[in-house]
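Each of the two complexes below includes chain A, the first together with chain B, the second together with chain C.
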Partner chain A sequence: MPIEVNGKTFETDEEGYLANINEWEPGVAEVMAKEDELELTDEHWDIINFLREYYEEYQIAPAVRVLTKAVSKKLGKEKGNSKYLYGLFPYGPGKQACRYAGLPKPTGCV
Partner chain B sequence: MSERLEKGIQALRDKMDARIASYFSSCVHCGLCAEACLFATESQDPIYTPIYKLEPMRKVWSREYSFWGKLGAMIGVTDNVTEEDFANWETLVYDSCTMCGRCSMVCPVGIDITYMIRKEREAFVAAGYTPEGLQAATERAINIGSPMGVTLKTLQATIRSVEKETGLTIPMDVAGADYMALFSSMEIVNFEEYIAGLARIFKAAGVSWTVSSKGFEATNSGIQIGDPEAAKTIVERVVSAAEELGVKSVISPECGHAFMAIRWEGPNLIGRQYPFKVIHILELLSELHENGSLQLEGMTDTPLTYHDPCQISRRGGVIQQPRDLLNSVASNFQEMSDGGDMNWCCGGGGGVSANERADEIRLQAFNIKKKQLAELDGVETIVTACANCRLMLEDGLEHYELSHEVTGLTELIAEHIKQ
Partner chain C sequence: MSETKKFMYVNRRAPYGTIYAWESLEVVLIGAAFEQDVSLAFIDDGVYQLVKGQDTAGVGMKNFSPTYAALGDYEVTKIYVEKESLEERGLTLDDLQHLVWEDEDDDWAEKDSIRLVSRAELAEVFSGQDVMFNF
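And then the complex of A and B:
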């Protein structure tokens, strides 16, 4: 279902992930969060920005383990656990935060 | 009968080889396989009895291969497979089986139930009954080259990071090297510690090695999901990369199913022998240590245990090597009950970890690992040799609020290189 941000239309896949990562703008995250009834704070933006930087370099959505390690390095050990991240993103730090950041859905090992 | 159902039944018929037909005729219905399966023991629900997971296939066998079944089919009293069966068994076959092979070990008449499950999965794939997560992963493995979507660019970024951390160069595309190392996507994305450990060890032991930019992915989701064509394509990619570089051996990484796929299934899939050897990293480390090229120092007295990845120990036969390695760096190594070829699965093998639908039952099954850990004396460190096991252990430990550390054996060995 496409989403509307500041009068512009963005295509998404069945699960609500942005179809084209390059189209992303901060408003996309705001609109998606609003739909989930979530207020984005600076803590949320720290994670979203990290995800975008990581994707820029690695071309893949990081696994939760990488995310917690990076958060712990940047924001301190007490925040470097999945409980803290789940507190911010109740639908799962990997999935929900990646969706807001315009990244594809992270996947496990097969 | 719908077209899809007809296709499904035909697929079950096609996958029914002599081995499977004779297995069904030999089953004595003893139920021992239930006691060997972590999904059955931890849920206490008989629906998870391993042989019962083959019910759709057994129905086809009964109607077409057994005397009474054939007779019954003629007068309309032998059940046929229904749409509902396919829908119900899709979750049984993909969510509650990690293909760990424990049931095959205990069967008193020698039925390899794991083999049958794989064949049944192949039929399910052919008829389009597969969990979405696995289907998408296999498509990524074929199109991008990795089930997790890892591209060469991802590998290069990881290698840059490892090189920065270790100060060593990771040799890329070096023709004529002795060994070509493969990595699992999970290692590239999540456990670059493994790659760093490998670089340090090989430097110390003077091993000539390389990584190919054309074939670096070790996992094979074609095998996991039951798609032989996809599985073959994935094996061929590695074989042609190794042939192009002219390496003597290919190293299967700390990943369970990669070893099964490339070492045991690969030549059958492509229909020819490899012109190189396939060796598991633990076999190689043990060999290097034994012949003196890899010197270790410093014994840790931290109590630790070893979680056997099913495809490396039970299905792969690499059992003694990790123990020899652990005993050479740790003075308090404790075996779990059932350690070795009968150790219990982490719960996430066989594609289960990539299948979100299975999370609940997987975590319930993890209770068996919790019990195994509780029997040990002061052990807070679990060593293993598979990135997926490692992630599943961390996930299960967190779920049950246990504080154990999980580490990889290669990494641990790298910490004990003689300086």
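And then the complex of A and C:
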């Protein structure tokens, strides 16, 4: 279902992931979060931005295990664990955070 | 899953003429989530998959070569490249991406993932595997 952000329409796939990653803008994450009744904080944005950088470099969305380890290295151990990440993204840090970041569904997400 | 098996993914084809190379990489990344003992081998035209500086603009396909650099994050640390296949194509190790993994038990030291092996040595490695996938 397409989503509306600031009067612009964004195509998504059947699971709600953005069809074209290059169209992404921060408002996309805001609108998606609102639909999930989630208020995005700086902590959420740290992860969303991290995922976008990861995709930029490797052209894939990382699996949760890889994300946890990478976050731990970059943002510290207290953030690099699944409890913290699931606290921020209750539908699963891989799926939900990647969706907000405009990335495709993570490879190896089962 | 109770025990770890040795999985070997053999890549034989050039990266963009068919879907095999990308499919192989995706299966490897998915398989890595199951914490198996994963190795990759690049032989024949498969060695072209690892060549650095790929540009796919002309063929209109996604350049997935940066994804090989993520293999270390997925704890895929054994990437065998067959020496004869490189030589037959006028390539050397310097033409390939420098792939590394970080050893958590050694203060995150960067270590080389690529192992240059002869045809005979690779046959030896193959014989020690539990499961082989051909792409």
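By definition in this document, the second predicted complex is superposed on the first by the 107 of 110 C-alpha atoms of A that agree within 3 Å, B and C clash if a C-alpha of one lies under 4 Å from a C-alpha of the other, contacts with A are read in each partner's own complex, and residues count from 1 in each chain.
Going forward, contacts are C-beta pairs under 8 Å (C-beta built on N, C-alpha and C of every residue); 3 or more make two chains touch, one makes a residue touch a chain.
Only a predicted model underlies this, so the values are computations on that prediction, with no experimental measurement involved.
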Chain A as common anchor, with chain B and chain C clashing or fitting: clash
Partner chain in contact with A:Arg65 - chain B first, chain C second, else both or neither: both
Partner chain in contact with A:Glu57 - chain B first, chain C second, else both or neither: both
Partner chain(s) touched by A:Ser82 [first = chain B, second = chain C, both, neither]: first
Touched partner set for A:Met1, first chain B, second chain C, both or neither: neither
Contacts of A:Lys73 with chain B and chain C, given as first, second, both or neither: second
Chain B versus chain C as contact partner of A:Pro104, first or second or both or neither: first
Chain B region in steric overlap with chain C, selected from 75-83, 147-155, 291-299 or 327-335: 147-155
On chain A, positions contacted by chain B and by chain C: 57-60, 62-63, 65-66, 107-108, 110
Contact footprint of chain B on chain A as seen in their complex: 57-63, 65-66, 82, 104, 107-110
Chain C - residues contacting chain A, complex: 26, 29-33, 62-64, 66-67, 69-70, 73-74, 108
Parts of chain A lying in touch with chain C, wherever the complex brings them together: 57-60, 62-63, 65-66, 69-70, 73, 107-108, 110
Residues of chain B defined as touching chain A within the complex: 133-134, 136-138, 140-141, 147-151, 153-154, 157-158, 184-186, 189-190, 219, 221, 224-225, 255, 351, 353-354, 387-388, 391, 394, 398
